[in-house]
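What follows is one structure encoded as structure tokens, with my remarks underneath.
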Amino acid sequence: MRILGIDTSSRFNTVGLIDGDHILADFTWEAGDSLQKIILSIDLVLASGGLTLADVDGLAVGIGPGSWTGVRVGVTVGKILAYATNKPICGVSSLDALAYQARDVPTLLCPLINAGKENVYAAFFRPRGETVVKEGEYYVGDIKGLLKTIKEPALFLGNAAHLYRQIIVEELGPLANYRGEGDVQRGSVIALLALPRFGRGESDDALSISPLYLKESLAQALLAKRLTIS
Amino acid sequence: MTTAIRVLGADNPSTQTLKEAASLILKGEVLVCPTDTGYALAANALDITAIQKVFALKRRSFDNPIHVAVSVIDEAEKYAYVNAVARVLAREFLPGALTLVLPRREIVPSLLTGGRDTIGIRIPNNQIILRLAHMVERPLTATSANISGRATPYAIEEVLDQLGDSVQQIALILDQGALTPIGLSTIVDLSIKPPQILRQGRISEQEILRMLHSAQSSN
Amino acid sequence: MLLLGIETSCDETAAALVADGVILSNVIASQIDLHAKFGGIVPEVAARKHVETIGYIIREAIDSANKTPAEIEAIAVTSKYGLVGSLLVGVAAAKSLAYTLKVPLVGIHHIEGHIFANILSNPKMSMPHVCLTVSGGHTMLVYVKDLCQYEVLGNTLDDAAGEAFDKIAKFLGLGFPGGPIIDKLSAQGNKKAFNFPRPLWRSRTLDLSFSGLKTAVINMFKGKDSSTLPIADIAASFQEAVVNVLVSKTLQAAWQKGVSTISVTGGVATNRRLREAFSEICHQEGQQVFFPRPDLCTDNAAMVAAAGNARLKYGNVAGLDLDAIPNAPLKGVT
């Protein structure tokens, strides 16, 4: 089954193509604030495999968490491509993808995505068999608050892991582990995580796929606290 | 002749009234017209009879020149020698409260300029006088509608108060309500080197000198 | 030619199918109720809503016109001028469709869309004309020389007219959005009760300004118990000042450009007093004035499709790396 996976929720945008569990292509680039290249990159990746959109059997899209603006572009592209091609689509969490990329390391996995001002999006995973399984819920909040809950060695992954490395090492000492490579979501991994769901005949309803924001907008939060915004 | 007062509001731009005003000007009549520096006596500045009426209304001495309003700086070229510095100031400050004193051309009656060989050019920031100047295709006198030496009128009541019975000599009054007093226009003499500020008005000497310096340095 | 228009520049998600000037569908999902509880449009909230609705809106526009995606021959999307997070959603959707269907894509400036709302509504309206686009987010005077040939004559220096309505309505405790509420209430009020300032109406500039007017109203009544205020009179007088300024500046522009046709578009073009004043004054001044039908005044995608159709004739096609530019100036083809 050929699956096209995309993720635009971080500074690095990515498009990947798999055929079953065989990776055909992966293209990751630093997009910064510019999200305009996603469609051309999809075309590039398909063309590199000698394929067209019609040849793809399913789509997978990273739903975050991460940059709200970024993830909206990816999710919109995913759902509209799915609608227009009439192909099935699965939404995949970017945190899951990061953890999956470290599934060969037998330890508690803790991918971190930056949420600004020493806040992070995070979740805990453990490798199981060929994949990883999430433990507990997705977390968004102060990094120190997260670290206080860790009582065993953990492998930290993702851009925020490196950004807040000093704090993590200070708080956890020898419990904090890192890998040498930079950790960035890869489109092929997004696709790989969707594969078992497609295998079970499952997919998401294209038009209703939503980003995983994990946090209300500031306005909503203030409204909830009944403070006025001027 | 009873003087008609036409009220021009934000809700009534009235091209009809302006056409009527334009035709009166071309007949040599004097009107009261709003500008950005108060109400003015507007008349055809090329018409000697009209100019005499203006001097009489104001009881102004003939050696005190009257400045004119045009709609765009290119129009001024017909009545004055507009140099590069003048164009720089025009681009920056006009329409606005700045009077440019420039060497006059022959066509301008010396009665208007008090015998001098210079003329004061204005492009006031008020759409009524600009439109009127554009319609008549003549320079308009732009001297305040008061008795010489007295306060500038910003409302028609003040104009009527000052001119008293002489108001009968005015053919039409264009009432744009209470005008905002922003001060007098600044007068710059560009007919001499270096240019000199003859009167400090709304636009400050600093701003003008800054513009003059940047104009010179780019030449 | 069958064109799909997509519009997500602010707080309405819209899609429409238009074929040669005929609107086959015009679907709009407004977020007004959503933002009402915040008292104004919140960009993050708007953008999140766009992602939720965009797919449904596009599907509805296609289905309700009894067409299929394969029949679409070109796509036009608002990509310039608006909230960036909102624009990006429409642009992403448009590019995805254009890529899949292999059809040309056109990026449209939001104000150009409004200009075309009237051209689409009133095919008899001639060019050149002066167009006033007035809404919650914009107040702009444009000289429309010909199709897609523009000269921006004036802009608001501070608040858009619709914004001023929102702020005064908020001050008077009338709710959001302010325009329609004030419009309705003014019918019961005396528009001459208060003579609020009409900023800039005497000067030659074609720029507009409403913050001075807004401040004058607020300063006059702040601190007073709102139950003692003649709300309807205040609303009517405020509205009258805004209307006067809009009408007189537009006429000034028409005079300056020597045209006798005036186009009034944008959300505030649905205001009854504005329409009445324009019609009266234009009749007096010998000008012809045109308004779009109400569902084309507020943000919609049919106008975007119409603009796209014209741009296509000039060969103005965008690449699949079309980006959203929130502050783009309005530019014609030449």
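To keep things simple, chains are lettered A, B and C as they appear, and every chain counts its residues starting from 1.
We adopt the following convention: contacts are C-beta pairs under 8 Å (C-beta built on N, C-alpha and C of every residue); 3 or more make two chains touch, one makes a residue touch a chain.
Please read these numbers as outputs of a predicted model, since none were measured by experiment.
A.B. asks: Name the chain whose C-alpha centroid is farthest from the C-alpha centroid of subunit A.
C.D. replies: Centroid comparison gives B as the farthest chain from subunit A.
A.B. asks: State which chain is most central when centres are taken as means of Cα atoms.
C.D. replies: The chain sitting closest to the overall C-alpha centre is C.
A.B. asks: Provide the C-alpha centroid distance between subunit A and subunit B, rounded to the nearest whole angstrom.
C.D. replies: That gives a centre separation of 70 Å.
A.B. asks: Take the average of all CA coordinates in subunit A, do the same for subunit C, and state the distance between these two points in whole angstrom.
C.D. replies: That pair's centroid distance is 38 Å.
A.B. asks: For subunit B and subunit C, what's the span in angstrom between their mean Cα positions?
C.D. replies: 39
A.B. asks: Any idea which subunit C residues touch subunit B in the complex?
C.D. replies: Going by the criterion above, the answer is residues 198, 201-205, 240-241, 243-245, 247-248, 251-252, 255, 277, 281, 284-286.
A.B. asks: Which stretch or stretches of subunit C touch subunit A in the complex?
C.D. replies: Counting only subunit C, the residues touching subunit A are 37-40, 42, 44-45, 47-48, 50-52, 54-56, 58-59, 69, 84-85, 88-89, 92-93, 95-97, 99-101, 319-323.
A.B. asks: What does subunit A use to touch subunit C in their complex?
C.D. replies: Listed in rising order, the residues are 34-40, 42-43, 53, 68-69, 72-73, 75-77, 79-81, 83-85, 206-208, 210-211, 213, 217-220, 223, 228-229.
A.B. asks: Taking the complex as given, what residues does subunit B use to touch subunit C?
C.D. replies: Counting only subunit B, the residues touching subunit C are 9-16, 34, 36, 95, 125-128, 130-131, 176, 179.
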